[in-house]
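Heads up: the structure comes next, in structure tokens.
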Amino acid sequence: MSLVIRKSTVEILCAAKWIFRRDCRLLSTLPEKTEIVVDEKERIPGRKTRSYNPILENRHVYPEFLPDPNPNWRNSLREKMERADMLKRRSQIDIPEFYVGSILAVTISDPHAQGKTNRFVGICIERKGCGLRAEFTLRNVVDHQGIEVRYELYDPTIQSIQVLRLEKRLDDKLLYLRDALPEYCTFPLDMDPEILPEGTPVPINPVQVKLKPRPWLERWERQELKGVSNIEEHLKEKDRVRRELRKTPWEKYDLMKNYRKTIPAEEQSEIWNEVYNQLQQMRVSRKKMSRKRTVTTPKTQLA
Amino acid sequence: MFRSLINKLIPVQSCGFHTTSCLNEVQLLTRLRVVDNSEIGKRAMAEGKPPKVICVYNKKRVGYIGDRVLVAIKGQKKKGILVGLKQTQKVKVPKFDSNNVVLIDDNGTPLGTRIHVPIPTILRTILKEKTHAKGADYTKLLGIATRFV
Amino acid sequence: MNQADVSKLVSKLRIKVPPKHRKLSSPQGPEGRLNKLRKTVTGLIKYERIELNYRRADEARQYAERLISEAISHGDCHKPTMEIADYWLLEKQLVHKLFKVLVPRYENCNTAFTKMYKAPQAYYGRHIDKAVLELRGNPYPTLTNKQSNNRLLLQNVLLDAAKYDYRQAKYAEMAEKLGKTEEVKSGQSNEDRNKPSN
Amino acid sequence: MATSNMKLLCSVLNKMRIDHITTRSINSPPRFRPPYWYLPKERVMSDEMLTQENKDFLEEVKQDKLNLQNTLESPLIKSETQETLQWTPGTRRTGLIARKIGNYPLWSKDGKKFQTTLLQVVDNHVIKYIPPEEFKPMKTSKVVWKEKRKLGCLLVGSETIDPSTVTKEYCGLFNTVGMLPKRHLCRFMVSPQASLPTGTPLFATHFRVGDYVDVRAKTMDRGFQGVMKRWGFKGMPASHGVTKTHRRPGNIGAGGEKARVWPGTKMPGHMGNRWRTLRGVKILRINTKHNILWMLGVAIPGETGAMCYLFDTVLPLKKLKTPPPFPTHPPADDLPLEYYDDSIHLFEEPTITFEES
């Protein structure tokens, strides 16, 4: 989101065009236009007094390089060793840029069937953990059966991670897809990768999913989700009252609480200065390798 | 055509299961979903009377992936193997949206001839370990699977 | 191990931040705690020096530092920052003071924006740690002792003498070393000179 | 007359105060006294109101001493030409002082994940050696060893600190070796042939990859805890008419003949902050530059940043079988940066594939 805001107008328009081009396959296109308008409104008053540091934008791309913010568990030497090991692993395998909401294909070598590999395609619904413990969850519906698989990002049995469609969704976690109608997370296992043109910002998919009737796995109504359209239909009066009671509007003003959840900019820039050059080199060399791939047109989602 | 009818019914069916997280583990009286095409299993699922666990054959009495269970299905006692769980699984092991079971007889031979949902590959190792030379051979189940994840 | 929150970018505080917050007991829970701290932060921005209980002062200090650093990094045209300032400063004229007075004052500051001292306890009554919390660069006279006469204190006089001796010894040693190396060098050069002649 | 005698007797009896007679039971252990090499470390810190020049001067002196310490060479290099000592299974080597700096996973060559704990060995130096004849530890138990074990005492310090923050006496302990005071000081009982000259630096290479060590550290301090957390009691039901006894211990013993609480009954109390030893921890990886050991498992007591002591293990099946670096590994510049156990997958190696057997 913030990536989109900070890019120039041309790029914003590019992104808008890209989204419009794809809208034929979206389920609900209604809130899309309003979303873009909000983006531009926010962008105009955002005058930055501090100099804008582009190296810090890596935090969206490689969030696992930032350590756990809990000061009880931090140690600069351990973090350094961990980052060095992560870079060593990254030199062996291409771990691409992806976000929650992107569609990935992961190939692992299968210890249970010797000499074979196992490939799974799905939408990334969650990314968590930092350092070498970073992991992500893929979800798909295969043969009308919802399946989720959790992978570790730096697991040496992973042979390749391929991004089939690079995009973001409206929420940070898509766990509500477990309670959504199955067509929202059904992806064919032989999906073709869609390649974004060079330099375009990562598009945000404004699709809003429909939830199945209750019972749900969690109380989605209390989580202020943007990517769910029909949450109000399923609520009773009791639920609305309880939602109001549980709201914590003061939490966004709790400056220290937010501070304790993040890594300050000064420490981040140190980390990125340490790892950025190597990451950039790897990226460039990988790009040279994959020049041959041609741009394919996006396929319809609900074919 | 009958299968497509079942497939249409399944999303409606799965809402009938317990979906609260506290009942996510397979234990006594958990309702399961039969995923093979055995006659009794198909009919039980179509009637909306999914089988209930009446015994889990392990020490913990909580069913994990690959465990044998005894189920009550349409007034009969049948054995089955758990081939997919709702619980949080280990890394690289798939977690399913329903608790799946494949019915077998005492020798480990599946009652049906096909499994119409994906099967976790870890079952290959688990079932091989559980099979003894003279006892039941559970690896026959792997032969009728259509897809592994 | 949890991932750090990347949606916001904050600048590092120049004070020590404890790993956990303090629970200031309040019947309204976390909201009540923030309400208490709001009053303190407003008072600090208004009067620039306040005396209060240590626990509350230490908590309020962190929030005041964060508020000023947010104001410095985003400026007064940033809507979320304005909302935050609006929430934390109960008197609205102080919002102007924050952006127009305090931000220019601290813009090029390399240290913390506030200072905290332990205040003496009351002779009678309950023993509660007291503290004085103040903004840096306030117009009041300083609370600490003047350091002008320290040179005449006994420990400083003795240390001065020790320093003199230490330096003398050091210089003597360095001179000796230099002399030695020069001797060696001159010896070498003499040999060099002697070699071609031979 | 009789009255005067009575008065005399009374005055004598008054002087004899019974409660003054001190008796020491034979069974009670002697009071703890610190070992004689121990010197108090903490001093009261106060603002001394030094001028800036004097502060700089103190800093300069400290820096000079630090430089002097860094130029000290390991005595092992000089004495390398001397007779080589032989390691036998009965000898006891010195241990190390390490700091726990966190944990992260390593993967084995068959794709399994190992959780590891990282221990950093921070500038360890031998401070003092007390030979077995002179070493007389305080007797803490009633058991008297018939045959004396001939073990010497080796003091090892770790982490250099500012000398102005500790007492003069404590600094003196280190001045004899020509070093700045260390934050941690630990006593290791060693065989006389494993003794080391003072000033010898110890490194992580003292242990080898694949060896097993015992780790002694203080457990996390959890404060006063109830029986459910401290001893894992089940507690009582949340409902069914239970009032006010959901997390309480319940009965602690019957009355009847004994009518008291048996010693050792599990009750609420302070939990953690005790010395505990974890035995037989395997070393999976060693970094020689930063002196880091990767230990298998996450059960090493203490929080991140806590100190721990490493010893060669005493477990009979995991004891050292081949001679380790003895008495310790001498400092060397040409060591490889990292040692790995055979089972560990290196991060710079290609992806694991499972070949058909």
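In order of appearance the chains are A, B, C and D, and numbering begins at 1 in each one.
Assume a residue touches a chain if its C-beta (ideal position, glycine included) is under 8 Å from a C-beta of that chain, and two chains touch if they have at least 3 such contacts.
Since we're looking at a predicted model, the values are computed, not measured.
Most remote chain with respect to chain A, judged by CA-atom centres, is D.
Centre-to-centre, using mean CA coordinates, chain B is 64 Å away from chain C. For the pair chain B and chain D, the distance between C-alpha centroids works out to 53 Å. Averaging Cα coordinates per chain places chain A and chain D 45 Å apart. Chain C has its Cα centroid 39 Å from the Cα centroid of chain A. Shown for chain B are the residues in touch with two or more other chains, namely 91.
In chain D, the residues that reach two or more other chains under the touch definition are 113. Of all residues in chain C, none touches 2 or more other chains. If you draw each protein chain as a dot and join the dots that touch, the picture is not a line, a loop, a star, or fully joined; it has some other shape. Pairs of chains meeting the touch criterion are A-B, A-C, A-D, C-D.
Remark: chain A residues 108, 110-113, 118, 120, 135, 142-152, 155, 157, 178, 182, 212-213, 215-217 touch chain B in the complex. Residues 72-75, 77-78, 81-82, 85-86, 88-89, 91-93, 109-111, 114-115, 131-133, 152, 154-159 of chain A are the ones touching chain D in the complex.
Within the complex formed with chain D, the residues of chain C that make contact are 145, 147, 150-151, 153, 155-156, 159-160, 162-163, 166.
Within the complex, the chain D residues that touch chain C are 48-51, 53-54, 57-58, 61.
Within the complex formed with chain A, the chain C residues making contact are 1-13, 17, 19, 21, 30-31, 34, 59, 62-63, 66-67, 70, 72-75, 77-79, 83-84, 87-88.
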